Amino acid sequence: MIRALYRTQDGVFQADLPPEKFAQALKDERGLLWVDFVDTPPDMDAPILLDTFGFHPLAVDDALQETHVPKVDDWYQYVYIVLLAVEFDSPAVDLKALELDVFLGRNYIVTHHDRPISAVERVWWSCLRNERHTQGGADHLLYALVDELVAQFMPVVEKIDVAIDLIEDQIFGRPDSATLAQIFKLKRVVLDLRRVISPMREVLNRLARDDYPMIDARDRVYFRDVYDHLVRLHDINESLRDLIGGSLDTYLSVINNNMNDVMKRLTAITTLFMPISFLAGFFGMNFFQPAIPLDIWTGLPAFVITLLVMIAAPTLAFWWMRRSRWV
Amino acid sequence: MIRALYRTQDGVFQADLPPEKFAQALKDERGLLWVDFVDTPPDMDAPILLDTFGFHPLAVDDALQETHVPKVDDWYQYVYIVLLAVEFDSPAVDLKALELDVFLGRNYIVTHHDRPISAVERVWWSCLRNERHTQGGADHLLYALVDELVAQFMPVVEKIDVAIDLIEDQIFGRPDSATLAQIFKLKRVVLDLRRVISPMREVLNRLARDDYPMIDARDRVYFRDVYDHLVRLHDINESLRDLIGGSLDTYLSVINNNMNDVMKRLTAITTLFMPISFLAGFFGMNFFQPAIPLDIWTGLPAFVITLLVMIAAPTLAFWWMRRSRWV
Amino acid sequence: MIRALYRTQDGVFQADLPPEKFAQALKDERGLLWVDFVDTPPDMDAPILLDTFGFHPLAVDDALQETHVPKVDDWYQYVYIVLLAVEFDSPAVDLKALELDVFLGRNYIVTHHDRPISAVERVWWSCLRNERHTQGGADHLLYALVDELVAQFMPVVEKIDVAIDLIEDQIFGRPDSATLAQIFKLKRVVLDLRRVISPMREVLNRLARDDYPMIDARDRVYFRDVYDHLVRLHDINESLRDLIGGSLDTYLSVINNNMNDVMKRLTAITTLFMPISFLAGFFGMNFFQPAIPLDIWTGLPAFVITLLVMIAAPTLAFWWMRRSRWV
Amino acid sequence: MIRALYRTQDGVFQADLPPEKFAQALKDERGLLWVDFVDTPPDMDAPILLDTFGFHPLAVDDALQETHVPKVDDWYQYVYIVLLAVEFDSPAVDLKALELDVFLGRNYIVTHHDRPISAVERVWWSCLRNERHTQGGADHLLYALVDELVAQFMPVVEKIDVAIDLIEDQIFGRPDSATLAQIFKLKRVVLDLRRVISPMREVLNRLARDDYPMIDARDRVYFRDVYDHLVRLHDINESLRDLIGGSLDTYLSVINNNMNDVMKRLTAITTLFMPISFLAGFFGMNFFQPAIPLDIWTGLPAFVITLLVMIAAPTLAFWWMRRSRWV
Amino acid sequence: MIRALYRTQDGVFQADLPPEKFAQALKDERGLLWVDFVDTPPDMDAPILLDTFGFHPLAVDDALQETHVPKVDDWYQYVYIVLLAVEFDSPAVDLKALELDVFLGRNYIVTHHDRPISAVERVWWSCLRNERHTQGGADHLLYALVDELVAQFMPVVEKIDVAIDLIEDQIFGRPDSATLAQIFKLKRVVLDLRRVISPMREVLNRLARDDYPMIDARDRVYFRDVYDHLVRLHDINESLRDLIGGSLDTYLSVINNNMNDVMKRLTAITTLFMPISFLAGFFGMNFFQPAIPLDIWTGLPAFVITLLVMIAAPTLAFWWMRRSRWV
């Protein structure tokens, strides 16, 4: 799907400019054209990007392929920017990164993405609802897009934080193999997030610091603000990484601790009963005659009591082990 | 709550300047105005910050939101500084970081915080008690604030140090699961502290090194002094981090060591008794006749002695294991 | 084998130039000569490289020996470049790096390799099929070679990714010693790949950034494109390294977890049966007379049932353990 | 204690200059004054430092408090240097760092320390014994002090090296919990030493590289020599850190190895005896009649032999286990 | 031993110049003097170095003491270089580093070492055999020395590589405590080698890059070649370090794996036999009368079969365990 927003230099607003009129709109140096390509086939978008806008074939190639590394390429007449949006599937503990390619010129912004991105939708509809959002120029539109993209990172980070707290409770409570799998899933998400935030931060740093003709020098402070936001996100994410690394260590230590306790009890039991079992066996040997009168030891009441003890002992032991969470 | 201190260029001191008079006070270029916002609602402080002081909306946004990353933003007419105070809850082993936002101009300092910070209180009341503290100008007030904030870090670091020593004693004494939980709590506190100290150090480095019109070049040496203090705190904190990392390793090694000892004893017991228990069972088989006369072995005294041994053996073993801290 | 392609400045194309004519071809400053040495003996290639082309002895030495470290040496009249191709033996999980030495001059490119490299073959035959590929000059031929070489890295990285996914399934399924060996093989491949990609990236960075007289300034953007590709590959490879490191940790944790479970069951069994076995032994002693009448307990039916239980109990236990994957 | 050495420009040497004459001595621009404060109360040394020498209050504060971080502060008229001496308590495996504060001016050097430092004593007495040592000027005295301080590091490093070798022998011999405690003590000493050497190196680097008016440019080569010495010490210390880290790994591996052996033997014993013990029990059941004549198996000689075996078997097993270092 | 080679500016070659003639030879600005000090007492070499050559006392001190850190000190009239040769004792897995101190002037080179170094011998004898080697000047001699020194590193690295392969085979075959000791020895050698290669690389980098009057600018390319060689060696050594680190991890994992298997079997055996042993004991109690006729179970043939089973069972179990490498 190709869709376009166009505001002429006279402030006339046009919501659905057909592709044939892009070339004309570009000639209007004080106008603003936003073209959004959503999941378009290459034979449909490539000609527009190459011929109408005159982008370099290498930049267009990068845009059409999903490369997933945020970067800024300065092509002098325009800037080519790769951004990433994130979607977090909370139950599956899975992070998806969606690529957004942006070409920014003086009087136009071209966005290209294979899957719908909610941040782009929000900015698009806010422009439609209120023309004021397009008055800041192309660089302000880029700022709005970047700001919306980055705003979606915080809830992801917060969900991961909550998940880590749950994990910690499980570890000191009743750790099992599922806890372990959960830890490793979270670890992967945090690593994935890092690979999104870290180059995004570099992109924003360049937009805030470098001198691009299509970004007003006074507007750089907005990109610096988003940059600061990303620095903070990166720090939080690093701290989450530390916490997950710590969780794994805790897990292993708790397991080791438990095993130590189990071994102690096994050794205690064995040490208590093995010697006296041997003694019992010793006097059970046929060297001895059943010579001495010990009627009370071998009467019916003793038998019944013994049976009861034999039923009660393992039952109590089992109950005790359940309570102590051994079995 | 909004409160303000004002010293005119003529040295007249006014303790409770109402917000309406801020604009006039700002015109007095050699005066000194300190406005402190404590937990004010946004609709109350935002207008003052934006209109009366004329701060940039992005800076005001940063101040009103709690962002928790110390930084210095140079807005040419003023500097926006984010600082952090710490509060350590010793029994719960929990570190709280409190944000303090500062706007520093030539003749004013504006502080904004959501929760009361003891360091701010102390500087405020020392100004009230003794006007001399306001004679150094706005940059001296900033120095006083920063110095008080940083002075509160050392007791925290010392408490952590004491806690680590206790932990080490426990590990080589009687390590258990609570020791482990304590180690991980301390680890988190040290990581948290690091994320406070490290950017604070960078902030002080910039205040001591960079050229800001509102900071007298001769006063930079004071900020360098606080910077040196923070470098030292950072080093101590890193060493605490090493020690805690080492504590966890020690814990695991001691546990492993213990388990090894337990296993050796279990194996020893089993090796001693299993063969002779088998022999006892062998001669207990009914292939043999109770043919030979061995009356002394099967008499009443032997029975009594056997009973006593059967009671004494596990009792002694249990007492020995207690003494050796097995069970 | 020595083979040569030659296009004169007039566009005349000659596919198999004999070595004797190299010197003459080099005088044609607007022509293009590509000489490819494949597994030639030193006494055959060294004279051509040293005398005909006039390369420095140190550079020729580097080319004739296999050194396996990508680099760029600027010899002013020409550039000496070491590149690496990779071949991945998927079943054996083994990565082979093949060295390709390139001398790039204004009107010639000399490639030297000991083993056939498929990327070189592809570029060679595309030049033969279509003379258009030689019209871009020597630097475009270098770009074509580099692009083909780097294009072969991605399938390797993808195969490793698939292998890691399989490993993770095995770990949470049924981990054994072969899983471990596989993890370590993958680890080594990823380390090897890193040692190829990392310096290759540096080579491309220099080709894209530095000013060489034999590389047209407008063509540097192509090398930057390959450089971006390598940056991405490096990032993916680093993430694979993290995942493999995580796999080893998972493996150890799962094994530890399993051992803990096994120990718990051993302890449970021992705790349940040792006390009652002792009791049985106690009453088996010859102190007691078979005095009381308990005929029903010692009749034939009881014997048969006991036998059946003795056969059934271990059979069921074994079946249960099989199902639980203990044995 | 305050003590002072004074050499006038005419070479007249005075060993015990009273504090009242310091001011006059300082006016002698080609003389040399060394004032040494040893454990003086603040109300005694502060006035001299602040008023007589005119040092900045911040520098004097740093000197009077023990801060333990080597650094160089350039106060233009003088340099304030914090140095560290070390004392190693070999039996307790404990490293003490002693702070030495130095103020270096053109014609004076002021040293301040809370505890006696042997390096300072040695330089002091060599000056007293031989006036030649004071002829090099204040910077040469500083060099002599620094050189002596650093010379004391090497024996410490060597003692640690010897201790590590002992540890390694213990690990492959008979590792126990004390070995572990020793490893962690050594680890802490090496970390402490690193925190001394690393900033000391930086101090010497600055003294050797930067341009201070009170250090003759030709004398910088001496500080560079001490700097090289510290670089080497740092390298050796890092290698010791690696070795100790390796020792801990070895310890854990050896323990794990031992535990594995123990487990194998436990399993071997259990596997050998459990089945036949069951068989013995099986035929000990009262289903069977003592029907068949097997007199030779149940005679007195068999009983005696059995008794002897029952005594000999565990004795030999115990002796064997002792020899194999199990118990 | 002091020995000297001297080539006059007229190309006259003198093999054994006595020390008395050094001063005169040095005046010959286009000649070349090589003096080699091998294990000379300080009172013999110090005067020559200090007086005849006029080296700085600090440089001479460094040369006479063994400091073992490669470095380059520029003394303007000459360069002082510390180099390291290595000797690898393959059976003992021990690396020895031999220090070679070099003073390089325009028309002389002075080498000083405490132990004979084979690389120096080789260069010395090649100079004696063929005067051509001395025609390149002092810097070429230095190149020849450095090249020979570095050429000896590769066989060491290759031996370590072979040793690591052997280790890996042992680990997946039959790991024991000796394997562990071998891993740690190799780890130490690789660390030692790193501490040789890394500063050597830096020395060569400086010789190849910096501007020294006694090194012809055109000859720097030779030092760059050795530098590239050292970069490669460093990379290979780092990869060996990774492999050894991986070996230790493998070792621990394999041991853990084995222990897990052993525990499973112990638990299996215990689970199979403990219940039925209890049953046997139960019916062995004297509550029961040997009342029912079961003659066939208690006859002589049954006894013989039982005896055979009792001998066969542990024998077979032991054989099986041997085959499975348990004992």
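By written order: A, B, C, D and E. Residues from 1 in each chain.
In this text, a residue touches a chain if its C-beta (ideal position, glycine included) is under 8 Å from a C-beta of that chain, and two chains touch if they have at least 3 such contacts.
Please read these numbers as outputs of a predicted model, since none were measured by experiment.
Residues touching across the chain C-chain E interface largely differ between the two copies, under half of the numbers being common to both.
Overlaying chain C onto chain D using CA atoms gives a rotation of 145 degrees, to the nearest 5. Centroids built from CA atoms put chain D at 44 Å from chain A. Centre-to-centre separation between chain D and chain E, using Cα means, comes to 27 Å. For chain E, the set of residues that touch two or more other chains comprises 252, 256, 259, 263, 265-266, 270, 273-274, 276-277, 281, 283-290, 292, 294, 298, 303.
Put simply, chain C touches chain E in their complex at residues 56, 58, 61-62, 67-69, 71, 176-177, 180-181, 184, 187-188, 191, 195, 248, 251-252, 255-256, 258-259, 262-263, 265-266, 269-270, 273-274, 276-277, 280-281, 283-286, 288-290, 292-295, 297-300, 303, 306, 309-310, 313-314, 317-318, 321, 326-327.
Listed in rising order, the residues of chain B touching chain D in the complex are 172, 221-222, 225, 228, 231-232, 235, 239, 242-243, 246, 249-250, 252-254, 256-257, 259-260, 263-268, 270-279, 281-292, 294.
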